[in-house]
Amino acid sequence: MSFPLLTATAALPAVGAIATAAVPAARRTAAKWLALVVSLATLVLAVVVLVRFDPDGARYQLTESHPWIADFGVRYDLGVDGIAAVLIALTALLIPFIVLAGWHDADPLETGSKRWRPTQGFFALILAVEAMVIISFESTDVFLFYIFFEAMLIPMYFLIGGFGDRAHEHGEEAASTQRSYAAVKFLLYNLVGGLIMLAAVIGLYVVAGNFSLTEIAQARANGSLHMATSTERWLFLGFFFAFAVKAPLWPLHTWLPNAMQESTAPVAVLITAVVDKVGTFAMLRYCLQLFPEASKWATPVILVLAVIGIIYGALLAVGQRDIKRLVAYASISHFGFIILGIFAMTSQGQSGATLYMVNHGISTAALMLVAGFLISRRGSRLIADYGGVQKVAPVLAGTFLIGGLATLSLPGLAPFVSEFLVLVGTFTRYPAIGIVATFGIVLAALYTLVLYQRTMTGPVKPEVSAMPDLRARELVVVAPLIVLLIFLGVYPKPVTDIVNPAVKQTMSDVHKTDPKPEAEAAK
Amino acid sequence: MSAAAVHSLWTTAADPITKIDAPKIEYGQLSPTLIVVGAAIVGVLIEAFVPRKSRYYAQVFVSAVALCAGFAAVVALAADGYGTTKAHIAAMGAIAVDGPSLFLQGTILLAGLVGLFTFAERRLDPAAHGNRVDSFAAQAASVPGSDSEQAAVKAGFTTTEVFPLLLFAVAGMLVFPSANDLLTLFVALEVFSLPLYLMCALARRKRLMSQEAAVKYFLLGAFASAFTLFGIALLYGYAGSVSYATIAQVVDGTVTNVDPALAGTMGNDSLLLIGAAMVVMGLLFKVGAVPFHMWTPDVYQGAPTPVTGFMAAATKVAAFGALLRLLYVVLPGMRWDWRPVMWGVSIITMLGGAIVAITQTDIKRLLAYSSIAHAGFILAGVIATSKDGVSSVLFYLAAYSFVTIGAFAVVTLVRDAGGEATHLSKWAGLGRRSPLVAAVFAVFLLAFAGIPLTSGFAGKFAVFKAAAEGGAVPLVVIGVISSAIAAFFYIRVIVLMFFSEPRPEGPTVAVPSPLTMAAIGLGVAVTLVLGVAPQYFLDLANQAGVFVR
Amino acid sequence: MNAENLIALLIAAPLLGAAVLLLGGRRLDGVGHWIGTLLSTASFVFGVILFADLLGRNAEHRTLTQHLWTWISVGSFQADVTFRLDQLSMTFVLLITGVGSLIHVYSIGYMEHDERRRRFFGYLNLFLAAMLLLVLADNYLLLYVGWEGVGLASYLLIGFWQHKPSAATAAKKAFLVNRVGDMGLSIAIMLMFTTFGTFAFGPVFSHVGDASEGKLTAIGLMLLLAACGKSAQVPLQSWLGDAMEGPTPVSALIHAATMVTAGVYLIVRSGDVFNAAPDAQLVVTVVGAVTLLFGAIVGCAKDDIKKALAGSTMSQIGYMVLAAGLGPIGYVFAIMHLVTHGFFKAGLFLGAGSVMHGMNDEVDMRKYGGLRKYMPVTFITFGLGYLAIIGFPGLSGFFSKDKIIEAAFAKGGTEGWILGACALLGAAITAFYMTRVMLMTFFGEERWRNQPTRSPQAPSAEPAAEHHGEHAEPHPHESPKVMTIPMIVLAVGSVFGGAFFSIGDRFLHWLEPVTGHSEGDSPLSAATVTGATMVCLVIGVGIAYVQYGRRPVPAVAPRGSLLTRAARRDLLQDDFNHVVLVRGGEHLTRSLVYVDHTLVDGVVNGTAAGFGGLSGRLRKLQNGYARSYAVSMFGGAALLVAATLLMRAV
Amino acid sequence: MNPVYYLYLAALLFTIGATGVLIRRNAIVVFMCIELMLNACNLAFVVFSRMHGNLDGQIIAFFTMVVAAAEVVVGLAIIVSLFRTRHSASVDDASLMKL
């Protein structure tokens, strides 16, 4: 058999995580470099996957299949379609930046704090998360997916609770309590989602007798596997709930602001740009493929929730006093768009949604990481503590602005393409919802520019007057992201070409076709 | 009863001795039990004749050998096919040698062995007057805080009797799940209960609580067994026999040669129903199912932690084994009567255990409630009444027992001036102080919580899967919800250990001897192996999933 | 080489400039402004070359397209990066690059003392690139990119002096209001996609026939919304006044000559759609008419010279929109007025800038007066621009505006009369407020004497401020050549442009192939209209002279009539926005934050707390008494038995 | 005479024993009540044995007595040690552990 590329892609960071954790305490820097190297190597593998993937080829490629727990009908089945390949690439792409951005986040406090912050652990956990995320993108076995979907909560939980943001207005003690609150909330919220999904997973087994995504999907397609309507709906709800929590979809979002606010910027990026994508990805792959009818049945409600999420998230972002919370709510709004695109059931919507996952990952990373640099300089997350930064640190301000413009999806930057595709895709089938969602772009401008104005413009606050501009390391983190934003903004074809066939497949799974334009229909 | 019949009784008794044919006992097939019992008796003799200094070593050696030999015997029997093809009823119908009993006996023996390691640990408590001491009272008879106790401690007495007691308990547990008539069941129950009552009272520290635990456990246990016995009586009255096979036949109505008396009682279902309910109640008591669970937290807390660990693991295994056999072999005929009842019990057990655990402040009590919740999960598997149900329960029990012993073993390590520091507040920041121990304990907690890649998840999944296939989907949903609730307090402990500031006067983590290390290490290993690659053990459980009738 | 391939260079040049200047860093500070100017001029040169090329062809072959690459392609959704250069876009290219280059030159002088001049030129180049993309795009989505690009540039330039909160706020406001318009544009594009399956100019216009009128009207109205946002038409006009916070060259280029006219371009470009949707057209004309009056009235009341001019801009664009709304009758004249307006309004703004330059950045006209002696060049160029805008016979404004008024009447029917009347009235008011500006600035006594002039909103970093001491009495002086020359050029344009275009209907014939043209049947003869216009003009100037020429202008604004006060506050339209949108929005968000915390999150935490409480109550059962445990066991046993029996019973 | 009456008696004894467990404080008495319950069971066994005409029940009764004896040994040991530490045999005093 050929070289197990997918396994390697997932295993490399896993091994790297163990290795990093094993680095002796004294050799802190070595651990950092090791983590960085591993993440870069993973990126290389991911790129290889992307290259080896043939858009016109079979639906799932680079497949691997081994028996695992025969008793549960569980196999170790891997394989990527276009969507998965792209998202794996995204994950592998972001991790090096996250590592680099978090370079000093886990350093021990030189002051006499009793806090125990093992650098090794920090980077090992990041790599562990990467490994789990990647394998959950790769797996084509529902159970295998579920296992890592759940397991990735644990390292995330320690990342949030163990390495919180050092900037806190109420001092160390309050910080640690709030942090553990956020971590617990994150874990329990997602665990509840996951456990409810577990019930559905078991139910699926009872109905289908195995966990192979491909087999079940086929059987569903050719009708050999019949599900009672009610059964299908219940199972769908079980799956969807978990994904909706992870994504997160309004009103299941409240864990996200806490988590992002309390964790360090790189971890926040890890949450929203990488881990949460698993949720939306899973909606697209599992909900639609396994339960097409139920998905269609639930579509109206989901669309409404998504639109509420878009507007609601944006409005709350406007009302935030904390930079990271603001970004969190902005993300909630964006996830609304993604889910909207997925369930619009049009090729534009779904391709747009996939593209959106990628772009949102990059843009949020850019914005959040720069915000992190800003926060680390001033030691406060409160917007009110800043002002006039533009004057003292123009480069920082500039990158921040670009990140912001990407967030408000300015044409010419990557997010615009995806957002517009989603809107069009929605509009062609649900005009009213499409129009309401369009209000999101105005609100996005509002919260972004308000944030920029309050922090960067105006008279220079004395506290920020001595603020240094971006350092080399930080520039290395931000610049590539910005370049990528612009590139994908003017030339998204590489991504769309890979994604489109997969989306076409999904569309056929749900037996949907794009609505015809009126003019043609008229003829 | 006619005079003739009475006369016949006399005459049979008056027959010449030669006419009695000796009972046929398959010693080989009973060897696991016999080995352990024998060893236990040897232990008693050691107490009597071996000088005090070397008793400890002799006892530990004998017990270890016995348990290992017993396990070897079990493996041999299984390899010989007694678990599957050659499964049959031994000892004149008293003992069933079949898959489930062998699997459970193996589990119990291993649990006993690991438990033995923790019993034999002598490095945790600071040496008293130069004598290394274990976690058992110097002299159980001496009043706590009295001069005689001081004297006993000074003299370096240790209660080495625990080892024979442990063996007796194990022996009883070995018989319990394989008992094939109600009398054997009852005797086995008492045989393993009485040593446990005693061992509960033998704590070195906190002796008042220890004694209280013993009293509660004893009184309630005896109370429960009285119910069991009455139930047995009623079943006997119903079927005219205490042998599972016969009762099953009577229940199914497939009994041959019905004499008039039997015909009379057979008609009377209330005898059957009440009797069955009472016997089951006795078993549920041992399992620790709501509402028969209330002894659990107190006893778990008061008993010496090694005993708690052993008890929590092995008792559950044995009791569930017996319950399975009773329900699957004796009472399948009245499935439609007991299943709904068991549903109810399972539900309130899962929810009750999980909910009450949320607000616990003592780690041992917390684990006690968690064990109650787990009993509920296992019951869900029992209810499935299918081969999968059996094997899933077997697997769950195996997975669970190792996690439990391991967890309690870790609890023994965290100590302060007053012995083990079991109050949760003292565990704050443990992860900062000694990351390894905290990490290990976290693994156990995650396994309890049923996080994927731990044995807990595999077990839970197996059980719920069986239940769902058995049509108990609502049960699965409730189980899922209660595991979500349960997750909350496991997480709480993890938060406490890793994310909260350590107390300045916090406890220290004692460095144990290889014994405890082995116990913990084994626990972790099994937890992860069963979590990542459970297939082999699932197969094992599958093969063992058939009862002999 | 082939002319098509030049098109991309039009955009590439300024884009390159922007990239170099913004990424170049401080080391380019010395030469930045030259690079910027050079590249914009280069673009202008390319434009001229292409123009010559077009002239070389005959009318119907004057449409060049250049396909670069496929931008987005998902299913039937196809967006290409394709440029389309025809007469219409050519006109704009020349206007944009031409005026743009002049203003670059001007800015060299104007921004001389700003340490961030390099950045300023970078932004200007960015703007040029975006604006060119806007007018050269071959499909609406690409146009949208340029559309928002100019919005971004204008955001950056309005807020160029970011340390001034007022500037930052104004910039934000401009972007937001524009976003509202953009919403219209994107919805319009979606509508086109659902209707025609495409949004490229060619296919859409050729399939207009297949679509229902309702759809077309919807599209039209959405496009109009977009136009309102960009071109500061009622009801989205509020940002333009504040936009004057930006440096004056910006006001001249973006907020007078080019960007704000993009809306007109959009409407004219989409002429085919509007032609098929009369209702939409009617709305367009109404918006235009309302805005031209609105702007004019506002312009009358402002004492801030730039704000006054801003009002005038608004009103002039109102004319254009009105014309564009008239359909084929008006398209050409809309564009023609757009071009001439580009000249004279840019000239006026530069003049105003020059005045401020000489007056310590004083913007309050009441603190001007009698400046003609001190800055003759400015006076003359400004004067010519003034004559042009009020439509003094022979100057460019005269031709373009007159045509629009005629066309308005030519619409026919009652609305024809009403629109025409509005246009005439507008002409009169224009004459009034422009005369007012003129008189207050260059005539009358020198009100700036012996009083320190620091207008509150004058920024500390306005270039002039650094070398004039603070709070010094200003000593007006003429601006350097680098500033005056562009003014002169523009003045020339505003004098002769109109005549050049109109004589022999050059402009008409040039544009007709793209926009189409039809002579409406006007109820009045051209001469009558012209006469009427002249009368209005005289009246307007007369009143202004009586008010501001004859009697001295008070240095502090009198309370004024109710209308005046309203007009000073943009006819309360801003206050409305503030109360309804800003305040309302704040309340909404604040309450939502509360809801999110108490309700949505409250449910979650509440559940947790609920279980906690339940647990606390349940554990009370565990009271430590063995006997009560026994009770529960006994009860349990009883239940068990009862249940079992019950199961059998049922 | 109908053996069923003896069953009723057995049940009655059992219930009395159980009630005693529930209401008496003194550990010894509680324990005696349990013994009473066991003996009730014995009675039941014997009665059933007679009804069915086989000896199993009677033999079980002997087993039960042995078990009961063993229980007495263990139980008294525990109770006595409790009494010696607390100088009271009241079950309710032994309630250190609760909640």
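Think of it as A, B, C and D in the order they're written, each chain with its own count starting at 1.
FYI, a residue touches a chain if its C-beta (ideal position, glycine included) is under 8 Å from a C-beta of that chain, and two chains touch if they have at least 3 such contacts.
From a predicted model like this one, the values you see are computed outputs, not experimental measurements.
> Can you name the chain that lies farthest from chain B, using the mean of each chain's Cα atoms as its centre?
If we average the C-alpha coordinates per chain, C ends up farthest from chain B.
> By C-alpha centroids, what is the most central chain here?
Answer by centroid distance: A.
> Looking only at C-beta pairs that count as contacts, which pair of chains has more of them, A-B or B-D?
Looking at A-B and B-D side by side, B-D shows more C-beta contacts.
> Mind checking the centre-to-centre distance between chain A and chain B? Centres are C-alpha means, answer in whole Å.
From the centre of chain A to the centre of chain B is 46 Å.
> How many angstrom lie between the CA centroids of chain B and chain D, rounded to a whole number?
So the centroids are 24 Å from each other.
> Taking each chain's centre as its mean C-alpha position, how far apart are chain A and chain C in Å?
Computed from C-alpha means, the inter-chain centre distance equals 37 Å.
> So the centre of each chain is just the mean of its C-alpha atoms; given that, what is the distance between chain A and chain D in Å?
65
> By residue number and range, which residues of chain C touch two or more other chains?
Chain C, residues with two or more chain partners: 608, 619, 622, 624, 626, 630.
> Mind pulling the residue numbers of chain B that touch at least two other chains?
Residues 215-216, 219, 223, 227, 297-298, 488 of chain B each touch two or more of the other chains.
> Send over the residues of chain D in touch with two or more other chains.
In chain D, residues 18, 21, 30, 91, 94-98 touch at least two other chains, as defined above.
> When you check every pair of chains, which ones turn out to touch?
A-B, A-C, B-C, B-D, C-D
> In their shared complex, at which residues does chain A touch chain B?
Contact set of chain A toward chain B: 67-72, 114-116, 118, 146-148, 150-151, 153-154, 158, 161-162, 173, 176-177, 179-180, 183-184, 187-188, 191-192, 195-196, 198-199, 202-203, 205-206.
> Can you tell me which positions in chain B touch chain D when the two form their complex?
Contacts found on chain B: 1, 5, 9, 140-141, 143-144, 183, 186-187, 190, 194, 197-198, 201, 207-209, 211-216, 218-219, 222-223, 226-227, 229-230, 232-234, 236-237, 240-242, 259, 261-262, 264-265, 297-298, 301-302.
> Mind listing the chain D positions that touch chain C in their complex?
18, 21-23, 25, 30, 91-92, 94-99
> Which of the residues in chain C come into contact with chain B in the complex?
608, 611-612, 614-616, 618-619, 621-622, 624, 626, 628-630, 632-633, 635-637, 639-641, 643-645, 647-648
> Which residues of chain C touch chain A in the complex?
Those residues of chain C that touch chain A are 22, 69-77, 81, 141, 144-145, 147-149, 152, 155, 159, 162-165, 167-169, 172, 175-176, 179-180, 182-183, 186-187, 189-191, 193-198, 207, 210-212, 215, 585, 588-590, 592-593, 596, 600-601, 604, 608.
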